[in-house]
Structures are given as structure tokens and as C-alpha cells.
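Next up is a structure, given as C-alpha cells.
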Amino acid sequence: MSAIELSGVTKNFGPTEIIRGVDLSVRDGERHAMIGPNGAGKSTLFNLISGRLTPTAGAIRLKGEEITGLRPYEINRRGLSRSFQVTNIFPRLSVWENVRCAVLWSMGYKYSFWHNVDSLADVAERTESILRQINLLERRHFSAGVLTYAEQRALEIGITVGGGAEIILLDEPTAGMSVAEAEHAVALIRKLSEGRTLLIIEHDMSVVFNLADRISVLVYGKVIASDEPAKIKANQAVQEAYLGVAA
Amino acid sequence: MKFGWHAKLAGALALVAIPFVVPVSGADDTIKIAYVDPLSGGGASIGEVGLKTFQFLADDLNAKGGALGRKFEIVAYDNKLNAQETLVQVQKAIDSGIRIITQGNGSAFAAAISDFVTKYNERNLGKEVIYFNYAAVDPVLTNDKCSFWHFRWDANSDQKMQALTNYMKDRKNIKKIYLINQDYSFGQAVRSAAVAMLKDKRPDVEIVGDEMHPLLKITDFAPYIAKIKASGADSVITGNWGQDFALLVKAAADAGLQTDWYTYYAGGTGGPTAIKQTGLNHRVFAVGEGIPNLGYGPADEFEKAIRAKYNFSLFYPRAVNEMRMLQAAIEKAKSTEPTKIGAALEGMKFNVYDGGEGMMRADDHQFIQPLYISSFGERSAKEPFDEESTGWGWKLAGKIEAANTVLPTTCKMSRPAS
Amino acid sequence: MLELVLVSTLNGVLYGMLLFLMASGLTLIFSMMGVLNFAHASFYMLGAFFGFQISQLVGFWPGLILAPILAGFIGALIERYGLRNVHRHGHVAELLFTFGLAFVIEEIVQMIWGKLPRDYRIPPSLDFSAFTIFSTNYPAYKMFMLLFAIGIFVALLLVLTRTRVGLIIQASLTHPHMVGMLGHNVPRIFMLVFGLGCALAAVAGVIAGPALVTQSNMAALLGPILFVVVVIGGLGSLSGAFIASLLIGLLQTFAVAVNLSISDIFGVFGIHTNPLPFLSDIWRVTVAQIAPIMPYLLLVLILVFRPTGLMGTRDT
Amino acid sequence: MSERAQTASAQRSSGGLLATAARYGIWVVLAALLLTLPRIFSSSFTFTMLSLMGISIIFALSYNMLLGQTGMLSFGHAVYYGLGGFLVVHAMNTVTKYSLPIPLPLMPLVGGVAGLFFGVVFGSVSTRRGGTAFAMISLGLGELVASSALILRSFFGGEEGITTNRTKLLRIFDWNFGSQIQIYYLIAFWCLVCVIAMYALTRTPFGRMCNAVRENFERAEFVGYNSQLVRFFAFCLSGFFAGIAGGLAAINFEIVNSGYVGAEQSGSVLLAAYIGGIGFFGGPIIGAILVTWLQVMLSDITEVWQLYFGLLFVGMVMFAPFGISGLLMMHAPLWRARVLWRLVPAYLLALAAGLVMLTGASLVIEMAYHLSTKAADGPMMSFMRVAFSVHSLLPWLMAAVLLIGGYFFFRSSWPYVEGAWHDALMKARERGSAV
């Protein structure tokens, strides 16, 4: 069974067709990368899958269950979590609180107003372990807004994985990072996506081919190829449409 | 977090704001009267006129020796036209030792004070407080909600309607009447009294419209005027005051509405100016316990004196009656104890400001006095006083004797055990 | 009846145009700066009082020009030295700043001109009745107000669609962040737009002052309605503000003319007992009585069913 | 307590008598303070004032659940306060009429339930949107309810309102609640309970998610939370506490009228919360105390009190958007590092300068006011017990000198404050108490 299954997904903004009938299948447990030139609609596709936008036509299934048109939190509760290309955190909350907010729902505390949040040992433990993994434990008392860019990107990933979702969508997690920072981030992603399904948008081809089990190529709102890295490299259409242009 | 010098400036400002001290009121040997009315915000224009009137009256009485050799002192409290604030200020006055309260603007606040004072006196025997109402006209205050501790010097709205309809009874040119009033208890009282009394006194007159509009919310009365016009009314009865009156008349003039206006508060601040602007010469009538141009000597003297000091005319002849009767009551009771003042006032007969005799009815503490209907317009030699520098003035149209303003009361007065 | 309808329509349109004069300035400011200027009606009041003061000295017509300029200038100063500093603290702080400003302006107006209504007169040249519908005079001044307001509306439309400034402003209606990128001095544009918006409100004040009442509470009376207009029209939409202004003007004027109550409506169907004894008042209240709260009712309904307002595109 | 400090305390290993004492100590101290206040002040007006402050504290804190905690700017919070008050008065009258065995101290709960109920009703309409739209809907709803209050007379009693008598209910411990001191204790009790409850609420998962929604409502949806629902719950709970405050006000005044639900009431709670500081739990408490005091007392000192009040508010928005509590908390690291005293000389200097400037400004305001509004009283007026004529030049010159001189004095004293601040901060950093 596929973790994510898109069939005939279309999205129009007014008269403009941004996503033009995408069929895509992300297998359970794989690391799947999405590449494509700028403006191909990669982020829009993420927004459609995660519920930020509603498709004009087509169906999206999560683990076989239809999620088309559901609100983001409903999709999140079904086990999908995403990060954003533009850092999207809780700027005036502490780093600790940022991650804890992401942890609370999945641990069953929901809208509870009868628990003291500071004395929830399980939440604290999980938050701490995530902060350790993203290397921000030392900075936990700082406001998220004052972190460095790379730290904020790491926090973004921390929030994304905090809820323990089985399916993770990462939108350009290494964008704007130095080479060293990016390497570090990739290692982190590799570690965190262990045992989960990962769908990642990435521009850095070395990252893509290094990390991904399979790659899909999105060009002008259509998936033109979806295959293993080696076969994508060899794919004629991709060469023409994407790599040819990029090179 | 970085804070600029501005932030720190604000800190300093906040610190400075704190140590304001509570002012102490003047000498202790005076008879203090707490004046609780709006002195800021929208109602302040009215409240300030009242305050100055009372201060003028206190000075006037003090010049004649005060009462029991003590001087009167008016202490102002700003009720901000808010019922909660009214009670807070009354409490404040009581706590600073004042035991006579006067207030007039707004029957709602009057009812609140009357209720508060009554409960307070029940709970604090020996420290009673008395409340003099100089302008709140809701009949209920001297009927179902009457209290021993409340005294009213203004004619209540039913009495005023009684006077108005007595006058209208003989005006045969009235055929169709339109009622327009503010949608709150006073406006309701005016309209129901008008309907009942007209039915009784002029069954031939047709009430062609009965409008209630929201209180102090209308900026353009043109739609209402269009309606009055469409109804074919020849006279309008309204209890509107303040801007609701001024704007109403202005809109009427704009639309060329030619009707007579029978009003309660045409003389209120801003009213005369609005009437003059519209050019409704002697077509606006008002009912009240006195006007400047009656030709009564002592009143004319007083009028001249107050006009010389302030640039307004005496809007509250009833305040004169109130203060003078307070002085008389204190002298009579030989005490400033509210309980004794109250007892002395009950049934007291008094020569009122504009001549003639008035009486504080013991049954309900409603002052019974002669009422006058007057019209506003160009003056002859008999009318020396104009209003708000418009050149126009009030002219007597009819006098209703005190006896004809008496209405039954439902009050069951409960008096303090003595 | 026809007379009532005609007069009500004229009055409604007039009131609507007056609202639009103010709402246009408010909308412009909101579109550009994202600030819902709570003190906007205060500039309307300032316009009326400046107009009054100038008319005392040199007459009504100079006031019509000078008062808005003066108010606009004050508005620009307030933007430059007040609002701009608050900007970095976010929109809530800006909204609160203008909220406090409205408070302060009212107090200052009271200090200078007192709390009584001022005798702001219609210029003698317009103090006659323009025409008579059936038997109702329609004052020339109201006609002038109507034409003047329409004139401003047309001028505004031309400026916005035909001039460079207008294009920049329009660009920022839809893409507030782009204008800055295009190299325009955004703070200065903000200042000018704020001044212009305030001047527009002041124009409304100058011409409405003599017709309505010129008093220190005039801002508080009109302010809330103004917000209703721009929110119903759709925040940031000029055409929406125009439609909403007329809608509310007509709605309020016509509601006054209707004497129906719920009991009358039920009476048509033969139901004469009140199903809600506890709230018997609802049963008796006529449409005319609730005319002034109709805009708020409309506001709530619009926002429930069409959250962006009538013509709004931007989600607030 | 700042967010940071809170998390820090959370990190501390829990357990231990000391930790428990530290955790609950503040409430015990507060309770003791509330009990002893009446012994410190004896005038009966103090009880009135303290009662008003207590009501205002609950109301302002309930408001801050919206503005400060969840980021919802409401212009119509008085609706829930007022409706709570109305329901309490109706309940009290009903209880009295049928002699039901319900004592007065339980009545505020009726207000709370009423506030909660209307919070649910109106909240379901208004919390669908955040930001400016929410603010405008709250304004519209506020106007709607306030205007309806005058129209629906049988429930709201018109503009006269409805009165009640608090002494006629079932008595317990022989307290009839006639005197202000007994009412003070009643309000103090409820105030303490509500403050603790609202503080506790901020420490729950729900409370934290309110902050998350305030910060970034969209992100909150991507971690599983329905932002709209969070706003709705916050709104309802806030209505609950506002209803309790309204109920207490109704008991205190024994009258409710349409003013309770009006824009003025909504505005003053906004001012109180903001001036006190919406970023800290205790901010609105400070604001409620200060604003109540100013509202009651400032009008005795000057008739243009609203102008000062407005200027104070605008000044706070411009220069201290974190409110008084923000200004205080700014000094917390210095306090912890025991270097706060280093600021005292510079502050005193700036304070003196600021006072001179303020005196000048308020002299100008008072003289202008006297000239414009009190011309009829003659040119004589007094300021700070000094009598003079506003027609003479000297006082105006004085005012100008004070104002302008004070301003430059203040500006020139400022580098000292900056310097002292910088030094103190450095010292604090050395000691590791500030970052």
C-alpha cells in the first residue's frame, strides 16, 4: 500500500492551472524526493497534500484513506506532518515550547485544561529527546525568534517530527544553508526519517541522489517521471525537461 | 529584548502618574452638598451648567448668611453618565462625610441613587443620607419606586404632559399630532402620557404617528421628518433633549416641515440655537416651571445676576427652589441631620422662584408648583431676555396653576422610625 | 407613499455618499498600511471644527479647501511621529494607537471648542431649497453635498486609475509588499496616504458639519458605523466600500420608514400569541426602532456568511 | 513570570517540599495580603475601591486570555461581563422571590455560567476568524447587544436597569453582606479563586496551545490543533470568567443596566489589560488596579482626566508596548543579579527631569482648559495650590520653560540612564543572570 497516493490532482488559481493532473505514489517507508525547476508547483503540491490548499480536482489518499479537502489538522492527526520552505515556527515561544507544542497532540493531551503541562513527564522526555536530536537542547530557553537561520531550520524539522508522524513532508529543508550546515541537516534528516516515510523537496542534487530511494520529477504541474535515482538520471524526458535546462 | 529610551521614558511617566493625591475638601464647618452629574465626556456640557448654577446658588445663600450660621458648599463629583460610576461617586461622597446628594441628569442614575441611598440608610442607621433630585423626571421615582430619602423639585414628566395637554386642549388648530420620542424610559413615559391625556382631553385629535427612535444615536433625522411630513401632522410632541432635539428641529427646517412643536426640553443647551437657525418663530413650545421673561421682579434680578456672571441663562429655576427650601428646612429643623431635613421638607409650602406657591407633597416627595408653557421666537419689549445670544427669547403662552398639575400617586412611603 | 420613497431614497443616497467620503479614506489607509484607523472619524470631526473656525474668520468656501488640508497635514504628522514608531510592534499595537488617538482628539476638541454644539452655518449662497418633491423641500445644501461627494468619488476614481500615484496605490492594494521592492519610498507613501485619507474624512466633516451637528461627540457617533461600512464592503476594496456605504445609507433610511414588527408579520399568518413570553419586547419592536442597529446586524451576518465582505478579496 | 522563567521552572526537577512551597507560596502570600488589606486601610471607601479593583482584576485577566494569551483583540468583551451581571441579578431576584436556599456567595457562578453560555453562542460566530475580522465582529456584536439592551426592556430593564437586594438571600454565618467590608471579602475570595484558576489554565496543554495559536495559528494546525477550536475554547472560558466578574459587579452595585454591556466597559478593560501589559500573566492585574484607581480618583483632580488618560494610553502604546509589567520585567535580570541599585541615581535624575516636563505639560493643558471652558469663572485658577491668572504672561512663560526645559533636561539626562543601564547589564551578565 502506498503511504501517499495522488490521482489526477489538479489545482487552479483563477484561470491559471498550476498543478495539471498529477499522479504520484509514495511507497510506505521510502525516502522519496521531489525535484523540478522553479515554479513547477512543488510547494503547491505539498500544500495540497498537507491540506493547506484544496485541490480543484482529483483525489489524495493517505495510507489508502481519502483525505482530499480535509483541514490540515485532520490530515496531521492521520499521521502526516510537514515542514515549510519559509521558516514557520512560533517566534516568541521558547525553543522548548515550540517542540512541546508539536508533541502534545500526539501524546493524547489534546485540548486538556486539567493537566499541568510542566509536570507531564512523558511530554518532557519526548521534547528533550527531539531537542537533543536536532541539537538545540542547549538553546531550549531561547525565544525561537532569536535563533540563527540554521537553528531555526533545525527547529522547523524538530516541530515537524515532534508529533511522531509516520509520513514526513520536508519542503527544502537545506535551502539557504552553508555547505557544512546542509551536510549536518541531511544527516539529521536521514536519522529522523529512519522507519518513516519521507517526501522531500530539494534543489541540491547531491542531497537528492544521496538520500532518496526514489525520485519524482515535476515539470509545469505534471509528474513526468517517478523512479529510482539511477533510472531518473538516465531518463530521456527528465534529461530534456529538467537536467538539460538546469545544466 | 532591547528597550529604547522611549520605553524608559514611559516607565518614568507611569511612575509619575501614580503619586497623585486625593484632594481634601475645604473647611469642615460647611454644609456640604455632593453634586453628582456628568462633568466630562458627552454629557459634560449639561452637567457643568448645573454645577455652576448650584455654586452660584450656594454663593447667593451664603451671602445671606447660609443656614444655622453655616455656609453651603457644593462638592462636584463626576458620574461620567454611567450608573456604576454614579454609585461609586455617591459612595465616595458619603465616605468623605457628605450627607446631602443632589443629581438631575438621567432618570436611570436618579433611580440608581434613590435605590442606593434607601438601602444604605437601612443598613447604616444614624448615618443617613438624603438625595435631592432636580431634573430627573421619570414618574416612577415618586410612584412605585418612591423613597423617603428622595425629593424631586422638577415636575415629573406626567405633570408636564398634563400641563402641555391642558394648554393644547384650547388650541383648536391642532388636528393631527405626531409623537416622536427617544426610545428609553423617559421617552416611553412621555408618549404614553401623551396618548392617554390627549384621548381624554382632545378625543377629536388624531395621533397620526408614534415614533420611538434610539437615544442619542441618530445623526440625520431627515428620514423621520419625511415620515412626519407624509403623515400630514400639524403638531409634533417630543420629549427629545440635547442633540436629539437640535438635530430633529434642524432636519425639520431643512425639509420645510411646518408644524408646531410641543416639547419638554427645547430650552436645553443648544436648543435655542437650533430653533433660531431653523427660523421656527414662536412655533416651538416648551413646558417648564419657569422662564426668564415672566416679568416677575425677584426672578428678573436673579436672572440678571447669573447672566452677568456666566454666559448662560438660568436653566434650572427648580434648583433655586431646591437650595432655598433646603436652607429653609435646615432652619426649621434646626439641624443638618438628613432625617430631620427630610421630615421638615415633607409638606413644606414655599414661594417659588417665579412667583406663586409650591408645596413638597408629603405622600410622594414630588414638588407641586405652577407650570408655564412658553414659545420661542422674536421678542417684544416685554421680553428682555434672549437665549444663547440668538436674539430670540421665550414668551409666555400659558400658565398652569399648581393645583392643576396635581396627579395621583401610587407611592406607599415608608418613613424611618423616629 | 411615493413621496416617502423618493425622499427616503435621496436621503439614503446622501447619507451613503457621506459615509463613502470617509470610508474611502479609511479603505485607502487600510489597503496600503494594513491599519484600521480607529481615529478616522476623529478627522471627520476635526474637519468640521476647522471648517467652522475658518468659516467664522473668512467664510465657508475657504474652509472647504483649508480645513481638509490642515486635517490632512495633522494626519501626516501623526503618521510620521506616532504611527510609524508603533508600526514595528504589529497591527494590534497600531489599532490600539489609533484607538487611543480617537480618545485624545475628542478631548482636545472639547478643550478648544467646548462640549456644546457649535453654530456652524450653511453658506448663505446655498441656503435655499433646491426643489420640492410633492410638498417636501429639498435643501440646496443637501444637493450640493450630494454632488460634491459624487465629484470627490469621480476624482478619486480618476486619480486611482489614470495617474502614476494612483497606480502605485492600486498596486499596493493587491501586493502591499511589492511596492517597496519596486524602489518607492514606502514610508513616505504611507505618510501621504494617511494624510490624504484624513483629508478625505475632513472634507466629509466640513460639508456635513453645517447640515448635521458640529459637536465634540460627532466622531463617536459615526465611528462605529464607518467600520461597519468598510468591513461589509470588504476590507481594502474601494468599490466594496462604495456599495456598502450606499447600502447602509439606504438601509437605515428606509428602515426608519417601516413600522412593521414581528408580531405584524406573524399576524399576516394568523398567529397572534407571542411564542417567547420572556422576551416579549422582540415581539413588539418595530423595524423603525431598530434601524440604527441594522448595520451591526448586517455586519455580523455578512461576516458569518461571507467573511471577506461583499467585494473583499483579501482575507484579513 | 516570563515564558522563559516558566520553562526554566518546569525544567527544575519537581518534588521536594521546597519546590512545593515555592509553587504555592505566592498564592498563600496573596491570600494573606487580601485578608490583611482591610486592616491596613480603614476608610470605608477603601473597601469600595478594593472591591472595584478585585472585580476589575478578574475582568482584565479574562480579557487577557483573549488578547494576551490567544492573540484575539476584542472590542466587545463587556457583553459577557454584562450578561453575567444581568443573569446574576435575575437569579438573585428569583431566589429572593421563592426563598430558595441558595446563599449569595454562590451567585457569581451564575454569572460565570451565563458568560460561558453567551461565549458559546457568540463565540461560535465570531471565532471563525482571527485578526482584524475578529476585532470587527466583536465590535459589531458589542454594539448589537448594547443597543438591544435598550430595546429588550423586560430582560434588561431599559436604561434604568434592574435592581436587587443582596441582603435578602439565605444567610450563612450570619453574614448579610450589607456592609462593604463583607462584600470586599466575597470579592476577594472570588478574585483569588479566579486568578489561581486562570493562572493554572495558562499552564495546561490548552493554555500553551493558545499561545501557539497567537504566535502562528497556521503552524498550530500542522501540529494537529484546530486553531479555530482553540480560539473558540479560549473565548468561552474567557466569557466564563468575565461573567463571574460581571456577577460580582452586580452584587457590589446591586444594579445592572445597559452600561454593563456597553462599549465604554469594553474599552476600559482593553485599556486596563494593555496598560498593565498583555505579555505577562500579572500585567492585567497591575493595569486593573491602576486604571480603576485612575477612573475613580482622577476626575477629582482634573476635569480633563480623560485627556490624561488617553495620553497615558497612547504613550504606553508608543513607547512601552509591553505595558507596565513589561517595564518591570525588563529589570528582573538586574534584580536577580543584585545590580538594580546601580540604576537608582540615573533614574532619579531622569525622574526629576520627567516631572519637570510633565508639570509643564499639565500646566499648559490646565490653563488651556481653563481659558476655553471656564472663561466665565474669571482668569484666576490654581495649579498645585498656587493661584494665578491665566491672562498674565508669566504662568505661560513658566509652563513653556518647564515643558521645553524639562524636555531638554530629560534628553540630556538620558545618556546617564543608558549608561547606567548598560553598566548594570554588563555586571549582570558577568554574574550570569542575564543573557
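Think of it as A, B, C and D in the order they're written, each chain with its own count starting at 1.
Keep this in mind: a contact is a pair of C-beta atoms (placed from the backbone, for glycine too) under 8 Å apart; a residue touches a chain by one contact, two chains touch by 3 or more.
Quick caveat, the model's predicted, so the values are computed rather than measured.
Summarising the inter-chain layout, the chain whose CA centre lies farthest from the centre of chain A is B.
Chain A and chain B have Cα centroids lying 72 Å from one another.
Taking each chain's centre as the mean of its C-alpha atoms, chain B lies 35 Å from chain D. Between the Cα centres of chain A and chain C there is a gap of 47 Å. Inter-chain centre distance (chain C to chain D, centres taken as mean C-alpha positions): 32 Å. Of all residues in chain B, those that touch two or more other chains are 6, 44, 48, 183, 214, 217.
Chain D has residues 147, 151, 304, 306, 318, 373 in contact with two or more other chains. In chain C, the positions touching at least two other chains are 85, 110, 114-115, 289, 292-293.
Under the contact rule stated at the top, the pairs of chains that touch are A-D, B-C, B-D, C-D.
Of all the residues in chain D, the ones that touch chain B in their complex are 43-45, 48, 52, 147, 150-151, 158-161, 163, 165, 167, 178-180, 249, 253-255, 257, 259-260, 264, 290, 294-301, 303-306, 308, 312, 315-316, 318-320, 322, 324, 326-327, 330, 347, 350-351, 354-355, 358, 373, 376, 410, 414, 417-418, 421.
Note for the complex: chain A touches chain D at residues 50, 52, 71-73, 76-77, 81-82, 84, 88-94, 96-97, 100-102, 104-106, 109-120, 124, 140-143, 159, 162-163. Of all residues in chain D, only 67, 71, 73, 125-126, 128-129, 131-133, 135-137, 139-141, 143-144, 147-148, 151-155, 263, 267, 270, 274, 304, 306-307, 309-311, 313-314, 317-318, 321, 365, 368-369, 372-373 touch chain C in the complex they form.
Of all residues in chain B, those touching chain C in their complex are 6, 42, 44-45, 48, 183, 211-214, 216-220, 222-224, 226-227, 229-230, 243, 246-247, 250, 254-256, 269-270, 273-274, 277.
Considering their complex, residues 1, 3-18, 20, 22-23, 39-41, 44, 48, 52, 77-78, 80, 82-85, 87-88, 91-92, 95-96, 106-108, 111-112, 115-116, 119, 122-123, 138, 183-185, 188, 214-215, 217, 309-311 of chain B touch chain D.
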